[in-house]
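Notes to accompany the following structure.
Naming follows writing order (A, B, C, D and E), and every chain is counted from residue 1.
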């Protein structure tokens, strides 16, 4: 993994080098985008919509996304449902356990900014972007399965734009 | 430390964490284990405590309905119903006939949808992945009907104090009839895959036996109570709304293990389909909501109202002082007491049984944490 | 057993300890004094005509000048339901635990303590379970409670 | 022995039940290529409606929707001109806080705000979820709605169930009551332009509820209709 | 058209090139190994894709659709993505054990193919103790599961590792006894002889009543338990042990475990076809196509089990194996013995 990151630097020197890097970029980002394995993580009502999206009518498997139980093997957390103050450190712990190219989708109003529990609630985190870096926000309470699929497509476009050079 | 075979074994604690595939929502169990056998279970909750009751103290009655939607999202209709019924008793509002029928139709459809979620997660927790998807396939048809009438799939904001918010469109009844005709065949499909399956029976028979006295002592309600042989169903014993006009039986079983809870819920799905069918035939024409002002102020007083939803008795206690916002709203979910009974049931079983018992009790966390 | 039969039966069985608050809407409400909570609860559970063996829930209320604790009970055998409540002053907020009578009351009482600060004697496990472990901002459901990051809905 | 036989029999029956689904057509709606025709009342995203001809907003800054919103997602900035009439400066809806309950749509008597059936608004940064007046109006351009016919207040429906225990009259005078809504059987049916084609791929799936021509929204405007 | 002529022709070219005989054999066997490895890697990728499509269509949905026609490039995309994932080794993990566990799993899965006849003459090395070698190798995977369980220093992984060791060992015994009843009839341990003894369709051991079908059923049940698949997938039971022994593995290590599981499944079906369904015997098509068809049918049956049945508990699993499967397989063996030496049935 480390050696791949240093590849573009060496390839610059060879005359046809950047053609190789662009094809490598294309291959890696395409494969990374079309096989996002999401972590089975759902807290509140959005978790039911996440399950409904995984079911037969709005099939997640079509986009190549299967659910994994352990954070080590998954590269996408769909934060579905309200993240309370007691749950926030757990979400951070899970995010840290994931292997490096990892993404976060904030599904539903509660994860974007606290949703219906923004005012008058003493126990809800106002949005999760100060806990984990979020890639895509999906409004809705709970968002329809189609808007979740559309959010995943937006994430796939974002992953396809990623180049080897800016791998973290 | 069991020194039985001269081995020096030590109990070890296992943390079935808040993020765990089989804890519905976010519930954490701290298990003391000896090898595979559980010696003690302490549930740790609070990971989904969203302070709903504090929010309700700063909202008008009309605005609380969307908050109750999120109180128990699998059966949001019965939360709306509980709160609206309590407000109607408080303010003495009458509900027009057609609204009562619409409410019963929506409540029973929501019960079927919630039982389908339970059916899916139970089979998923025991390892059979396919029935989960079959269950959700039927549930999508019900959600289409809900979306047709009130616009949302899960958080309906449909039943209001004094009636219902919108009338059903013309296309609703034919679609509902078509669903009901196909539904009993689908439930037979589920039964064929799981009910007599020897592996399923081996996993559920005599696992997590809940004796009737413990169930009543721990205030367990709903299908879990009826599976222990106690025939107590609010729709029959304290007939709120117009449940006394429909004939349906209350399925009960005797020895209260996971398998009986499964059978009771499957039969309840069929009963609810029967109620919806009768309600569709008898629905009259007429107004769907009685006159309720925008910031309506009920008179001072307090009321406690109970509704039977798919996880047991759902109670709403409202105390109002004549303001447009209630002084206190206490929500009581069915799973709150069922989670208290879990440690009593799980001792002596294995981890796999803890998962099976948790799935069969149909415990979801918003009830418990509010 | 009809509601008014129930009300009259309870009135003549516990003349002095019980005052009827209201029984017009839905279930009837009674009020008892905090000290004879245990005696009253045990009596209504063991009375064969009443047999209230199923505690639905215990709701704490902060009315701005005093606490109230409302017990909603039901009888699975005789199919009857009613509620009774105690009134507590702010400084003397403590009640007896009814766990011996209804084991299901364990978590309800824990919640009373955690969210309202009403002390429950010989409860056995009065620890924090709904709020985060490092919670140090008092009892949130009280009317006079406030916290630095607690946003109230702006008055429109 | 008998228990063994029917155990094996059921294992085989279970196999055939799942097996027979192999032949059946899938019920999947392949989202990006096939989209489902949303029912008329589906609560998607809040939009501001504008008059078809003149193109300016229907909103008369009566602030009812802001009061009705349970989560405080709507904030309205306005200033008074010389005649004391309110002019709308900015109409902000924070989609991160909105809970899509539709109470604002029911509170508005001028059909200025509506929940459109659109749902494709995922973004990569949070600020774009806070919509201002121009974005709300532009998204609300194509949303069909029924113009409420101004009803003379005198013609209140006679059969009005007495609302026992009605609290003192609400402070706001412009507060019309949500009167009993009779569901007039077979009233003027407003058909939607062109029956939406059956876009579902599978012949067998449940009949998608074609949009129902009866003005399906809440009792409010039905009562105005009368 | 038989592929064996090509190999013969290549072998003569190699022999004619004047290398000493020892080197010729080494090069030939190395090429055979590389070809088998390549073939199996492709088969493993195909099986992963096929499992997702079969499971999708059983559940009335489409499997992967967006990567190529019906998603055929999906597994390649998964493999490349896993290639570039960060390789996490938990801090307190037992490093060497943690590192070598997937390698052993991968190697053990491939070594079983030395004596499996892919077609008439298409066999790497026709050992005369063929089936004994295979059975020994397949029980090699237990070590990798135990190492993975112990190495990742995680309670769940430890539980998963223990369970899988107990399960594979306890299902090894009925499987071997079922195979013995076949070997008893075939009269030789070598796989090629077993296949040759099932020349005609009525000579398949599956149809050798009464002991054939029973041995086949016992073999299939033990086979599913061997590859940790439902209804015996205790070790990586998502619901109970989060992800069982491979909870701490990410990136290429996890990919190795993932592919090893699918190759094990292919091995179990391949042995099943050679023992019970007459290996490559078949009327018209070339021999290797018959072998592939029958194996993929058995793989389909294994997948079908996975998407229908719930999961057994650990003690029920043990009980089922020792108290039910083993006595029946012994009785079956005695029955086969009686039939063999009563002389009525040796067609």
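Keep in mind that, in the parts below, contacts are C-beta pairs under 8 Å (C-beta built on N, C-alpha and C of every residue); 3 or more make two chains touch, one makes a residue touch a chain.
Not measured: the values here are computed from a predicted model.
> Would you mind checking the shortest number of contact hops between chain A and chain E?
The fewest steps needed to get from chain A to chain E is 1.
> Listed by label, which chains are in contact with chain C and with chain D?
A, B
> What pair of chains has the most C-beta pairs in contact?
Most contacting pair of chains: B-D.
> If you average the Cα atoms of each chain, whose average lands nearest the overall Cα average?
Central chain: B.
> Could you work out which chain's C-alpha centre is the most distant one from the centre of chain A?
C
> Name the chain whose C-alpha centroid is most distant from the C-alpha centroid of chain E.
Result for max centroid distance from chain E is chain C.
> What whole-number Å value describes the gap between the mean CA coordinates of chain B and chain D?
Roughly 26 Å separates the two chain centres.
> Quick one: report the Å distance separating chain D from chain E, using the average Cα coordinate of each chain.
56
> Using Cα averages as centroids, what's the distance between chain A and chain B in whole Å?
Spacing between the chain centres: roughly 31 Å.
> Can you give the whole-Å distance between the Cα centres of chain A and chain C?
45
> Which positions in chain A touch two or more other chains at once?
Each of 40, 55-57, 59, 62, 69, 84, 86, 116, 118-120, 122-123, 141, 144 in chain A touches at least two other chains.
> If a residue has to touch 2 or more other chains to count, which residues of chain E qualify?
Residues 56, 58-62, 65, 238, 242, 307-309 of chain E touch two or more partner chains.
> Tell me, which residues of chain C touch at least two other chains?
Only 130-132, 140, 152-154 qualify.
> Taking the touch rule as given, give the residues of chain D at its contact with chain B in the complex, in rising order.
My answer: residues 6-7, 10-11, 13-14, 17-18, 21, 27, 38-43, 64, 67-71, 99-103, 106-107, 115, 160-161, 163-168, 170-172, 175, 177-183, 185, 206-210, 212-214, 216-219, 222.
> So in the complex, the part of chain C that touches chain B is made up of which residues?
Those residues of chain C that touch chain B are 22, 25-27, 29, 53-57, 59-63, 68, 70, 72, 74, 76, 79, 81, 83, 102-104, 106-107, 129-132, 140-141, 152-153.
> Using the touch rule from the top, collect the residues of chain A that touch chain E in their complex.
These residues of chain A touch chain E: 1, 4, 27-28, 30-32, 34-35, 40, 55-57, 59, 61-64, 66, 68-70, 72-73, 75, 99-101.
> Which of the residues in chain D come into contact with chain E in the complex?
Touching chain E: residues 11, 14-15, 17-19, 21-22, 24-28, 30 of chain D.
> For the complex, which residues does chain E have touching chain B?
Counting only chain E, the residues touching chain B are 55, 58-61, 155, 159, 230-231, 233, 237-242, 307-316.
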